[in-house]
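A short worksheet on the structure shown next.
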């Protein structure tokens, strides 16, 4: 096909990707948006197959078939609660592919003996570096989330010094390559170090901070694709890569803001390792006990309630309790109790995680209300039902300047008339701090697994009427 | 300066323009946004002065000095009520400049005897065509708004056929030029026809529809700049031109939506000529009379009111009544009456026109409330004070399917406890339709010039207490 | 720089997207200054005018270029100044409220 | 097409702007599908992989290209499918309400 035409095809593909992303902005148009974006990618692939010089269709087809098979299996088997690790894994493959492409280009320059010019050497180095780091980093994140390895932050003395040193050496090797692109020794060193750095930079980050890391790595994988775009002089790659780069950065920032932590603190703060003990001490001076209640106790209160706000958290995801919760909410609605769901931006382990789980359980999305919209409603609400959430409902974030989560915006459940909290124990949540909510007079703790308790609540409410 | 560097300067300039436009999004950052955009243009100009081959600095400086002097005088002398014609005039100059640049480029190709290639001939034709049309069209719009000529729509039989024919011939000449860029005969014909078309296309449009036309011409002037960008192979021009093109289209669409009319109807409907009589008949079947009241009557009602919403319209602008209105609102507030301003998107003769006038009179912008936000408040409001507005408060738009403004979103003043309407007579507004609001039992008409009546109201309210 | 039509078109399309996204976020409150401000930006064609007027020889092209500079400068200077004048009038509520 | 670094950079910068504007409009409700969807798009690098794997000779480059195709395809196919699965779960309230 005419080279010009192919470039217009890439432009069309980029437009489809942009239009698709725009359609992702509303639940009504989002499925179509996803299809449009996929069509955009398809256009790019088809256009590429028509590039002169692309001839080994067998190899290409084999690769696509193998990749598609794996992709289909992953996408259809994965449970909704496991989305964070799914995204991590896929992201790793994307980064790895970019690193491989940049490497392949370098090797063919070397084979032909022609020196790359202009921005190409730099782009090759960035593609290999960012892509490689994304690859191993994402795999470690996956392993932590899938609990193949411990999710705890792995820290040791001098860690940041070692990482800093390695990063410097890697950059040095990269610079050497830019100077002399055809010398392969620095290349191999750089690849090895980039892969190592991906591991080392992610292990000190606690399991629950993984989504921030994944989002950041997602941004990186976009930038790596962008770099290969510069290597190949392909505007389609540059545009799509930039889109992903921007998207990842924005989501990272949203998560950090919603936790009131800086990105630096997430990446280097080793939250979930040292901090935990320190902070648990901070508010745990006096030793108070919270009273446990039974689902039957709660049912009595429900029988007089007119309104209920359900606050789901990470525990609901772990317990796979979304369907039971949905059942409960249907039951309450059938008793003329208005039910809404209050969704904190970082409830769970991924931004928007709770929305997906509840949508899976057929909760209509109009009932999923964002934090800012619903906070004013708690004082007029009879029951706030907290299911496996902890940090996102910790009033210390509002009042206790000493708390490590001070300043994090929270859901004001403590202002509701009654608060029920379902969790298994008095153990703290991800941030490792005690939650004074549990000791309030209007709080009833109902200990147990989220799913089990939700089902018992259903029974108890049903029995009462 | 190095050619590459200059291109990076253009990129920097484009980034400044984009960032500037983004800052225009909020009243707090907008003044800074305007400065950033101006800085962006300055960067582009300076970079251009450093281009090799640019040598006649005397000529350039002379042009800039003359242009700046005129620009400064215009910008500082113009009254806020005359903004629509000011924008029209400036816009005409922009379009004219683009047409001149495209022509100059064509002439230098001809002089050198070198045939332009690729997209350049098409870009030249588009630059001349769109730029020329924008130039004369904007000047006619200016003349109508400034009342140098009658604002009425000029229509004659066969008008659209003639215009269509001329447009076809113009396009034919353009096509001839693209085929044979160095033949100058079609060029001169095309220029003449483009200038003529600008006039002919705008005269059938009524004075009050001018803002839509101006906004559309604004978009055109951007596209003309974009075309010269393609002619010169200058990305800075392409980017900035596209920004303006997009901006004009969006504003045009907003205005059409707010009037519930299609762009085609605005451009070819000759609103303000024929329709007027037809539609006046439509709702004027029975002959009712509205009762006139004095400002003193109104003051009595104000003495018992707690809340007032002021609805300004075109009449307030014409009467230059904004300062008097501000005085009235201050007085009412000092009597513990809450005062808000309800701003209809097309009140006045330009989108956002009322906001600028009231801002000029020092009304804080938090008090200027958009239609969608304020409509629900009318039923709980004691007094809706309509000042020189008519169509934007016509309840027929909600209820009378036969009305030409049926479907246009309006301000629901008729739902307030009392409605005062200040205007000079029972004459209809721009759309030429009677307004049943004036005959409602809870409506008091106060006839007179908006400024005079507002000042009398101030006195009367003051005297009463 | 834009010898390659595909690159030029790509830039054009992306800029249109940016324009639509950025402009559609501007609230109605500011539509008049937005109109005059974006109008001023269309004076960017002054860049082309300088290139046309700036060459050594005095030909018809440079004359057209000179007129174009005057026109474009009026548009730019007038546009930004009047926008600035308008914007400086928008004020927040003073403490009296 | 991007032989000219300025054009390439211009496209990059504009695309970043488009990305920021478009993404920041997506509501929190849809952040998880947004993440998986944009993740799938990063698989666009499959284009580069095809170019690398597609040449006639069987060199180390084509082998790397083959692996890259597999990786990128997993990313693309898995990403879009799982996003689709998620999005198809988001439903409006049925009439019962």
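General remarks:
Per-chain numbering from 1; labels A, B, C and D assigned in written order.
The criterion applied here is as follows: a residue touches a chain if its C-beta (ideal position, glycine included) is under 8 Å from a C-beta of that chain, and two chains touch if they have at least 3 such contacts.
Since this is a predicted model, take the numbers as computed values, not measurements.
Any chain that touches chain B and also touches chain C is listed here: D. Across B-D and A-D, the chain pair carrying more C-beta contacts is A-D.
Centroid to centroid, with C-alpha atoms defining each point, chain A and chain B lie 46 Å apart.
Between chain B and chain D the centroid-to-centroid distance comes to 41 Å (mean Cα coordinates, whole Å). If you average the Cα atoms of chain A and of chain D, the two centres end up 16 Å apart. As a whole-number value, the distance joining the C-alpha centres of chain C and chain D reads 34 Å. Of all residues in chain B, those touching 2 or more other chains are 7, 14, 18, 235, 239, listed in ascending order. The residues of chain C that reach two or more other chains are 1-7, 10-11, 14-15, 17-18, 22, 25, listed in rising order. Listed by label, the pairs of touching chains are A-C, A-D, B-C, B-D, C-D. Put simply, chain B touches chain D in their complex at residues 4, 7-8, 10-11, 14-15, 18, 235, 239.
Within the complex formed with chain B, the residues of chain C that make contact are 1-3, 5, 8, 11-12, 15-16, 18-20, 22-56, 59-62, 64-94, 97.
Within the complex formed with chain C, the residues of chain B that make contact are 7, 14, 17-18, 20-22, 24-28, 30-31, 33-35, 37-38, 41, 44-45, 48-49, 51, 53-57, 59-60, 62-64, 66-68, 70-72, 74-76, 78, 80, 83, 86-87, 90-91, 93-98, 100-105, 107-108, 111, 118-119, 214-215, 218, 221-222, 224-226, 228-248, 250-251, 254, 343, 345, 350-353, 355-356, 359-360, 362, 364-368, 370. Against chain B, in their complex, chain D makes its touches with residues 4-7, 9-10, 13-14, 17. Listing the residues of chain D that touch chain C in their complex gives 1-4, 6-7, 10-11, 14-15, 17-18, 21-22, 25.
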